[in-house]
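A, B, C, D and E are the chain letters, set down in written order, and residue numbers restart from 1 in every chain.
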Amino acid sequence: MLGSGLLQGLAVTAKNLVGSFHDPARLTTVEYPEQRTKLPEAYRNFPFLVSENATDPMGTLRCVACQICEKECPPQCIYIEKSKDKKPDATGRPQLYPTVFDIDTSVCMSCQICVEVCPFDAIKMDQVFEIATTDRFTALLLDREQLAKPNDYYHTIHPTEAAEVDARLAAERKAAAEKAAAAAAKAAAAKPAAVAGLGEAGAPGSSTPATTKPPAA
Amino acid sequence: MSAAWTNIATSAHSLLERLPLLARDFTTDWLPESARWLANSLITIATVVVAFASLFALLTIVERKVLARVQNRPGPNRVGIPFTKIKLFGLGQPLADGIKMLTKEDIVPRAADQVLHFLAPVALLAFSILTFAVIPFGRQLVPLELDAGVLYFFAAGAATELAVFMAGWASHNKYSLLAAMRALAQLISYELPLLLSIVPVVMLAGSLSTVGIVEKQAGWTWGFVPHWHVFTPWGAAGFAIFFVAALAESNRSPFDRPEAESELIAGHLTEYSGFKYALFFMAEYFGMCALCGMGVTLFLGGWQAPLPFLEIIPSYFWFAAKLLTLLFVFMWIRATLPRLRIDQLTRLAWKFLVPLALINLGVAVFWALTADWTGAIRAIRWIVAGALIVGPFVLIGRKLSSGIAPRTYRYAT
Amino acid sequence: MTAVLILIAVATLCTAAVAMALRNLIHSALLLIASWTGIAAFYLWAGAEFVAFAQVLIYVGAISMVVLFAVLLTRQSRADVAIAPGSLGRVVLALIAGGAVLGVLVGAVLSTKFANSSATTPTVTVKQIGQSLGGAHAAALLVIGVLLTVALLGAVVLATTDRAEKEDA
Amino acid sequence: MIASGLQTTGAHVREVHDDFHGDLLEVSMGPHHPSTHGVFRMQVTLDGETIVKLKPVFGYLHRNHEKLGENTSYLGSMPYTDRLDYLNSMTNNWAYALAVEKLAGQPVPERAEYLRIILAELTRLLNHTCLAGFLLQDSGASGTPLMYAFREREKILDLFESLSGSRMMCNFQRFGGCRTDASPEWLAAAKKLTDGYGAFLDEYERLITGNEILMARTQGVGVLKPDLAISAGITGPMLRATGVDYDLRKVDAYGFYSRFAFRVPLGDHGDTYDRYMIRVLEMRESIEILQQAFRDLPAGPIMDPKAKLRGFRPKTGEAYGRIEGPKGEIGFYLISDGTPNPYRYRVRPPSLINLTVLEDLCLGHTVADAVIILGSIDIVLGEVDR
Amino acid sequence: MNLAPLQLCLLFSSALFCIGLIGALSRSNTILVLLGIELMLNAANLNFIAFWRYGANSEPATGVMFVIFAIAVAAAEAAVGLALVITIYRHQKNIRLQDATRLKG
């Protein structure tokens, strides 16, 4: 009372004034373009499409154009056109692929639901946040080529998550390969002589483990 | 030997002390006698204006820095020397701000009173510069030595309120108008405690001349307690009242009612932009500097050194140091306190500061009458004077703050 | 010196005359304040600096505020600004009366031979003023003090509203 | 004179012409005004500086939230709830998840419930800290308390970001659990923050709570009577500041709140100071809850294994899920017709309902008071306008 | 015409007095009437200073004293006068002098 509260307040501000010169807990400013904080691994901004192979990103997209994300996206910012033909994916199995895959990042609200609903681990959240542009119409509409980023990029931004995904994919593919091999063996047992050679070629991807790195070439 | 040294030291000191005057006389020496007076005056005016304009530039950045540091931010630190990477702790900021202000579009609302809208910042700046005329910046450095200097200061200062009103009214904006009303109410209320708080000083110094008042505060008790007015019971109370009233007169937080940004946008400045806004800003800082300068002159011993051996340092340096300290306290208070409501503000003036200032006047009379008490009886003088101030302070403060108190809270069971 | 006086006089008279003629109350008040400042300048010119500062402090600092407050508190609608019928006649009458008074005064001033004025400016220091206030004019000072107190109380009583929520303004 | 001049300018300076109150002034505060916390407008009629009439105008931020909810899948509405009260996305998520879980009869694993409580209490800290800062900013404290508040808020947001990937739009809860699990490092960081929060509150209170100016500004200003509060449906700290003991954490004991020991602070005056202090005291209780939650957090899954992400179609029915959000009772009312989208989706926004008494609180006070009263109601326009 | 400075001052004050008089007589706005009266007071003050400056002075400070007291009286007059104006405004919702015909509100 009688001004003691005011004096107390002045003491606190004086302490902070002095503290900001020597106490890093008090001066928490990070001067952005020069200094940057480390982004947390979970940080998400806009989605990107995972491709298995950096040299041929369009050929190795994990996306099979199933359009689940397009349907689930709350603000409806994804537009996909399914291919008419099938192309072999990273595992060599023939798959549909998106001929058009657009994300309007001016609409996208970074909710990550597309990532959660994707059964193929094909779409993931990016961490690029310096996306300012002078062109607000076309520059924010990202197409398939701009969205595709290699798997090792995914590893650099979300290492833990990517390792889990890769392990899971490897397990799935191994299981699939084993199943295919078992089926082939069964078939081979049934027709030992005629299709013995074909049985080995029947699962071409089985010999290649799930590519976490692009081939050395 | 030592006497010789003392002599040299004294002469060096006096040379340093009179350096500004010598420099001025040197420049105007070649002029005929009749023109020299005019030239000297012009040089004085130019020096004061340039000095305080640079101080203003410095203060803007310092204030932002202090506010920022109090708020745990680094503050503006980017602008340095252009086209280089040198940042100089952001000292180039005022320059950049100045360029920005100058090049911004000057918008005058269509319905505004064009002439008054233009005149308001000009008048404000003119009057606030006028107040510097009687402040003694150093031992011989007073631009205009007036017999009624203190009266002049407050006369010139009173006119600045008018400019605030003009700005608010001329803008033809409701926020500005409300701000103008608030400004009037606030300034009328605080003029009184401001003047009353300096009456004891004038009374005990026996002079309305600023130089005379400063010279009265020379000397030390026991060789280390300066005879500044603030070191007497009535002086301390008077200084506190003066300080609070000065905060209000210069529209500084917690009395920045007229431009309370959280309710009145920018008050009377709402419709001002560009250079006119900069003029307002400048005038406000000038007014603040002038009031602080007056506070230093009246209560803090003006250009007197705090300790005898420190007299070696020239007097104008001491004035500047005290002025900057007071300005820093202004900033510090701004960084800490929330704003008062307009009725609380006027109530504080009329029901608290004015009675206290009147009581303080009585204490000053007591002090003057007991000037010849010596020895142990002096302690009684101090006790009586102190009690006469603290008692009413507590009583009136209790009365004023009745109904507001920290509360305790209960919890649901 | 005379030129300065004439300059001050012209400025003061012009502002006062325009202030009295203007329709806009705020402009009138501000111009009158300028006029009062001109009078203060005259006091300075005449060497009465204490009076000049008192004039500025009281007229520009205080009375002007009260006037502006009154103007703002009695804001009027458009109807009030219109010239009331018959006011033209009043203006003419006022001009005639004012002109007559001016004529008499000017005639009197011009026809009077004043005693040789002292060439030296009489100096009056603040100390002297203080001494005569406390000495010869002490009674007047007390009366003025009482008058001001009564005026203050009277103004407060007059301006206080009956409404309960208006408090100590 | 002034009237004639003002009439020529835009609509915002129109004079009220009234035979009896010729000197009333109508001022439109907002939608672009520094103190209205977003695009909110207070149309105030002033007699001098005293408010004789106040009309809140809102809807400038209307985004069709409820209709969107009816046209989006249950999951798709989750990120939209973030954007209701964008300071408190975690509690919005929880309230919505609770409603859907009620609708679908979806159980939630124990660890997820604990995580929800941790996040909700962190959100409460965050919201109340912000409020204290904004309130002081509104009363003119040059930003210092606000900056201190934001310094602490930033730490909580960092926690949210490292857990959910986004500072404010967390989109964290799912029907039947939470989206990601909290790592031990995250829990350690959160615990550290909680341990240090009391010290911050102490400093903050030293700075401002005992401040005579603040007390003079807030005590006795904007008094809300308990009966008016109840009949207007006021909830949250604003209701408890009037002395009504109503906290959904105790009343509903949703989640595992019944397992936690905490107290509910109550005010006796219902004025702005009480509203501020109740929030400060609630923060201290939140710290208690957080400490207990960190102590008792069980291991286990965070997602019910039977929970469905895609093709989620709750059976026909209706449900109302409500929790004690930082601002009051935030509730979601859902009607399912068996399709993937809700048939009816309705939000009970505490900000809007608490705002309804604004005029009652402000009448007879000055403009300056209206600003801090509005600040103490604690609205977020995203939730008011939806 | 060769005028003594004192005569100039007196002419100045006469003119100011008449402006105040004309204003006070011709305007119907109470505030302006009050201001006209203030001007007349000021004109009188001018005379005091003029005679103090140029007249044969018996006592050095008399003119100054007169002006100081006159200013104090003027301040009191302004305060009471404007309070009256506000009261009139409250009663009749305008401040036209002609309408203020009743002493009782």
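Here is the rule we go by: a contact is a pair of C-beta atoms (placed from the backbone, for glycine too) under 8 Å apart; a residue touches a chain by one contact, two chains touch by 3 or more.
Worth saying up front: this structure is predicted, and the values here are computed from it rather than measured.
K.L.:
If we look at chain C and chain E, which chains touch each of them?
P.N.:
The common neighbours do not exist; no chain touches both.
K.L.:
Along the shortest chain of touching chains, how many steps lie between chain B and chain E?
P.N.:
Between chain B and chain E, the shortest chain-hopping route counts 2.
K.L.:
Select the chain at the greatest separation from chain B, using centres from the mean of Cα atoms.
P.N.:
The chain farthest from chain B, judged by C-alpha centres, is A.
K.L.:
Please find which chain has its CA centre nearest to the centre of all protein CA atoms in view.
P.N.:
Chain B is the most central one.
K.L.:
Does A-B or A-D have more contacting C-beta pairs?
P.N.:
Pair with the higher count of C-beta contacts: A-D.
K.L.:
Which chain's centre, taken as the mean of its Cα atoms, is farthest from the centre of chain C?
P.N.:
Ranked by distance of C-alpha centres from chain C, the top chain is A.
K.L.:
If you average the CA atoms of chain A and of chain D, how far apart do the two points sit, in angstrom?
P.N.:
Going by mean C-alpha positions, chain A sits 34 Å from chain D.
K.L.:
Compute the distance, rounded to whole Å, between the mean C-alpha positions of chain B and chain D.
P.N.:
Comparing mean C-alpha positions, chain D is 43 Å from chain B.
K.L.:
Between chain B and chain C, what distance separates the C-alpha centroids? Give it in angstrom.
P.N.:
30
K.L.:
For chain A and chain E, what's the span in angstrom between their mean Cα positions?
P.N.:
86
K.L.:
Scan chain C for residues touching two or more other chains and write them down.
P.N.:
Expected reply: 25-26, 50, 54, 62, 66, 69, 72-73, 76, 80.
K.L.:
Please set out, as single numbers or ranges, the residues of chain D touching at least two other chains.
P.N.:
2, 22, 144, 148, 151, 207-215
K.L.:
Could you pull out which chain D residues touch chain B in their complex?
P.N.:
Result: residues 2, 5-6, 8-9, 12-13, 25, 27, 29, 33-35, 46, 48-49, 136-144, 147-148, 151, 207-217, 219-220, 245, 247, 250, 263-269, 273-274, 277-278, 281, 366-371 of chain D touch chain B.
K.L.:
In their complex, what parts of chain C are in touch with chain B?
P.N.:
Chain C residues touching chain B: 26-27, 30, 33, 37, 49-50, 53-54, 56-57, 60-62, 64-66, 68-69, 72, 125-126, 167-169.
K.L.:
Residues of chain B touching chain C in their complex?
P.N.:
Within the complex, chain B touches chain C at residues 113, 116, 146-148, 151-152, 154-159, 161-162, 165-166, 169, 177, 180-181, 184-185, 187-188, 191, 207-209, 343, 346-347, 350-351.
K.L.:
Which residues of chain E touch chain C once you look at their complex with the stated criterion?
P.N.:
4-12, 14-23, 25-29, 31-32, 34-36, 38-39, 42, 45-46, 49-50, 52-57, 59-61, 63-65, 67-69, 71-80, 82-87, 89-90, 94-96, 98
K.L.:
Where on chain A is chain D touching in the complex?
P.N.:
Touching chain D: residues 1-6, 8-9, 11-13, 16, 28, 40-44, 68, 72-74, 109-113, 116-117, 125 of chain A.
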